[in-house]
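One structure follows; several queries about it will come next.
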C-alpha cells in the first residue's frame, strides 16, 4: 500500500480529512436526491391521479424495509463505538451485520416487492407515479448496494485493526442512506 | 505534527527507480501531472469547439457554400455543430482548464503541501472525465449522428425519438454530460478537503490566496447546484430509453420541469467558471502592479454573496418559456440585484491598480483585458435581466453576444492569463514575450470585432440557432448580412492568431529559456518550489508567516515579501 | 435605438419595450464608459516608472472603501429605476390581458415545421364551422386588439413577431394566451424562436397587417375555405 501524502494527515479545519470528504459526498447526494424528490413532490401536488396510483404500493413491505434499515443503522453505530474503542474484530462483526441489513433490504425489494409489482403491470413506464417510484427507489437501492460493497471491503481490514477510522466513515454514509429512505417511505408508501 | 514536515521521500515504496512513461504520464497520482492531463485535454477540446465555430460561422456568412475542411453545413449539421460547440466549450474546455487544471496544479502548491488529499481519487476523476470525452466524441459517429437539440437539451425534442434525428446521439450526449458531472464532483472532494485541511502551518483563512478561495467556492457552488440536474439527467435518460414520461406531456409529464432542473444548475454554473478566472486575474494583477489586493475581505464577501444569490436567479433564462408570468418579477429583481456584488468585485479589482507600479507583460495584458471585456458582458446582462426587454431579446444574437462577452473572458482570456503566468512554474521554461503580445493583440481585437456587431444583429431581431436567414426578409437586408460576414472574417483572423500561441507554447516547452524559481517576484508559495516542482513539491514543506499580498510594504528594501520568509 | 437599427415598432407595446431597452442602454453605456475610462486611466497613470515603487493601499480604511461603496449604491439606484420600468412593461404585455368590445381571437398552432392560424369567420366566434384557417400567413386588422392562443402539436416552439417585440414559447399539452394590438400596416416576419428540430429555420411565416377594408375583403374571400398560401420569399 502506498503511503498517503502529508496533505492527507493535516487537519487545519479541525476535522480528519476522511470525515470531511464523506460529508462532502453526503452533501452532493442530498442535492441529487433533493432534486429528484422535489420534482416528485411538484408532480404529486399538481396531479391528483398520483394518489390513486400510489395506493398500490405495499405499505407493509415498505415498513418492514424501514425496520431493516433502521436496525442496520443501529449496528453501524455499535460498530463505530467498537472501532473508537480500538476493538477491530467487534467493529468488523457489527459491520457485517449492517451489511446483512442492506442485503436483506435489497433482497426484499428486488426479490419480492418489485417482481410482484411488475407482474401486476406496474412498470416504470406505466405512468409518471411509477416512473418516479422505480427511479427514486432504484437510485436509493443502488446506494444501499454500494454501501454494502464498501462495508465488505472495510470489514476484513478492520478485523485486523487496520484503518479503524473507516468504520465511522462508512457508518456516516450508511446513516445518510437511511435518512433518504426515511423521506422516501412516507412519500411513496404512506401518502395515499 | 512536525514543525517542518518532510514530504515522503519514498511514497510508492519503489526504492530509487524512475517511473516509466506510463506510470509518469498516464497513470500518475501526482496532482501536477493530473493537472496537465486536464489542461491538455481541455485545450484539445478547445480546438474541436473552435473548429465547429468556424464551420457554422462560415455557413452564416456564406450560406449554402461548402465550408473548406468540412463540406456543406445544412440544417441538421448546423444544429449539431452549435449544440456540440456550446457543450464542449462549457463542459470540456472551461471547466477542466479553469477548475481542474489550475485547481489541481495550484492548490497543493499555493497552500504548501505535497499533493492533494486523495491522489488516487484524483486520478480516477480524470479518468472518468476522459471517459466523458470519449462518449461525447463517440456520439458524433453513431447512427443518426450527434445530438442536434442545443446544449440545453430541452424535451420533448431531446427525449422523443420521432421528433429528432439522433436518438442514440441524444442518449450518449446526456451520458457524456452526466459523466463529466461525476468527474467534477469527485474532483471537488479533493479541492475542498485539501484547501480546508492541508494548509501549511501559519496559513490562516485570510492568508489563503484568492484564486484558491475562488476554486473552493466554485466547487461548492457546483456541488450544490448540479444534484437536481443529475436527477434530471437520469429522468431524461429514462424518458429516452425506458418509455417513462417525466418530460413528455402526452403522458402527464412536464417539459418545463427539465428547464427548471437545467437552469437551477445552469445559472450557478456560470459563476462556477467565472470565479476561478477572476481568481487567476487577482493573482496576476497583484503581482504585476506590486499592490496588495484592495479590500481582500470585500472580495471574499462579494464572492460569497454572488454565490448565494446565484441560486436565486435561474428562471431569467425562462422568462417567456411559459412559466407563471408573476414568477418572472421575482427573478428579474434577483437578477438585477446580482449585478451589484459583481460590479463591486470589478470595482475592487480596478481599485487595486491605484498606486501601483504596473508592468504590462503578456499575463498582465490578459488579466487586464479580462476586466475590460467582462465589464461589457456584465452590463449587457442587464438588458436581458430586465424582463420587459427580454421579451424581445430572448433567443436573439443579443443573448449570444452577451454570453460570449462573459464566457470568452472567462474561458479563453482567463486560460491564456493563467497559462502565460504559470507556464514558468509548470514547465520550467519562459514563454516568448514578443509572440505573447502578438497573440494577445490579435486575439483581443479580433474578438471584439466578432461580437460587438452581434449585439446589433440581435437588436435587429436576428434569432439564434438558424442556419440560413434567407426565409426571413427582414433579416436579409444587405447591412445585416455584411455584419455577419464581418464577424465571420474576424473569427477567421482570431483563429489564425492562435497559431502564434500554439507555436509559442510548443517551442517554449522544449526550447524556452530556463525559468528561475520566481520570475515574477511573487509572494505566493508556489514560487518557492523549483520550476517545475518535483514529486512532493518541496524537500521540506513551508511554513507561512503572513498573507499573500504583501507587496510594496513600507520599510522594506524589496517590494515583495514572500509568505514563507520569516523576516 | 430600434429605429436606428431599422426595426419598426408595429404594436402598441413595442415602443414601451423599446423604452426599457433604451433606458438600459443609456444607463449602462454611461457606467461602462466611466468605468473603462477610470480603468484605462489608472493603468496609464500607474505604469511602472523607474525609481517609483508601488503604494501600500489595503482598501480597509473607510476613506478607501468609500470609492467602492459609493459607486456600488449608485448601481443599486439605477437598478431600481430599470426594474421599475421593466416590471411595468412585463405586467402590461405578459400578465395583463386587456379586453375590448371588438377584440379578435386567433389560435396559433405550431408544429414541426409550419404555423397554422385559425381565426373566426363572419360569425365572429372561434371554433365554429366558418373559421378561417391559414398556413404560414396571419392576416390581422390594424388597431384592433387580438388575443392569441398558442398550441403545439409536438415539441417546444416559440411564436416571435419582431416588429411587435412579441415572443412567447409554445408548449405541447398547454394553451398559452397573450395579446397584441397592431398599430401599423405592413407585411412582416414571424419566426420560430425555440429550436425545434431540423426545420427550425424553415418555418417562417408572415404577418399581414391590413386596414379594416382590406381585412374585410380578405375575410370575405377566404371564409369557409381553408387557404394554404405559399410562404412569401
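Per-chain residue numbering starts at 1, and chain names A, B and C are given in the order in which the chains are listed.
Note that a residue touches a chain if its C-beta (ideal position, glycine included) is under 8 Å from a C-beta of that chain, and two chains touch if they have at least 3 such contacts.
Fair warning: this is a prediction, and the values are worked out from it, not measured in the lab.
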{"item": "Pairwise touch network: line, ring, star, complete, or other", "value": "line"}
{"item": "Chain occupying the most central position, where position means C-alpha average", "value": "B"}
{"item": "Gap in Å, rounded to a whole number, between the CA centres of chain C and chain B", "value": "31"}
{"item": "Centroid distance [mean C-alpha coordinates] between chain B and chain A, Å", "value": "34"}
{"item": "Cα-centroid distance, chain A relative to chain C, in whole angstrom", "value": "49"}
{"item": "Touch list for chain C against partner chain B, complex", "value": "1-2, 5-7, 16-17, 20-21, 24-25, 27-28, 31-32, 35-36, 38-40, 42-43, 46-49, 52-60, 64-65, 67-68, 71-72, 75-76, 79, 82-83, 85-91, 93-95, 112, 154-156, 158, 160, 162-163, 165-174, 176, 188-189, 191, 193-202, 204, 231-233"}
{"item": "Parts of chain B lying in touch with chain A, wherever the complex brings them together", "value": "1, 5, 7-8, 11-13, 108, 113-119, 185, 188-189, 192-194, 196-199, 203, 223-232, 234-235, 238, 242-246, 251-254, 257, 261, 264, 536, 541"}
{"item": "List of chain A residues in touch with chain B within their complex", "value": "2-13, 15, 17, 20-21, 24-25, 27-36, 38-39, 42-43, 47, 49, 124-125, 127-128, 131-132, 135, 139"}
{"item": "Interfacial residue positions of chain B with respect to chain C in the complex", "value": "75-76, 79, 148-150, 154, 156-157, 160, 163-165, 249-250, 255-256, 289-298, 320-322, 325-326, 328-329, 332-333, 336-337, 339-340, 343-344, 346-348, 350-360, 368, 371-372, 375-376, 379-380, 382-383, 386-389, 391-396, 456, 459-461, 463-469, 471-475, 477, 479, 551-554, 559"}
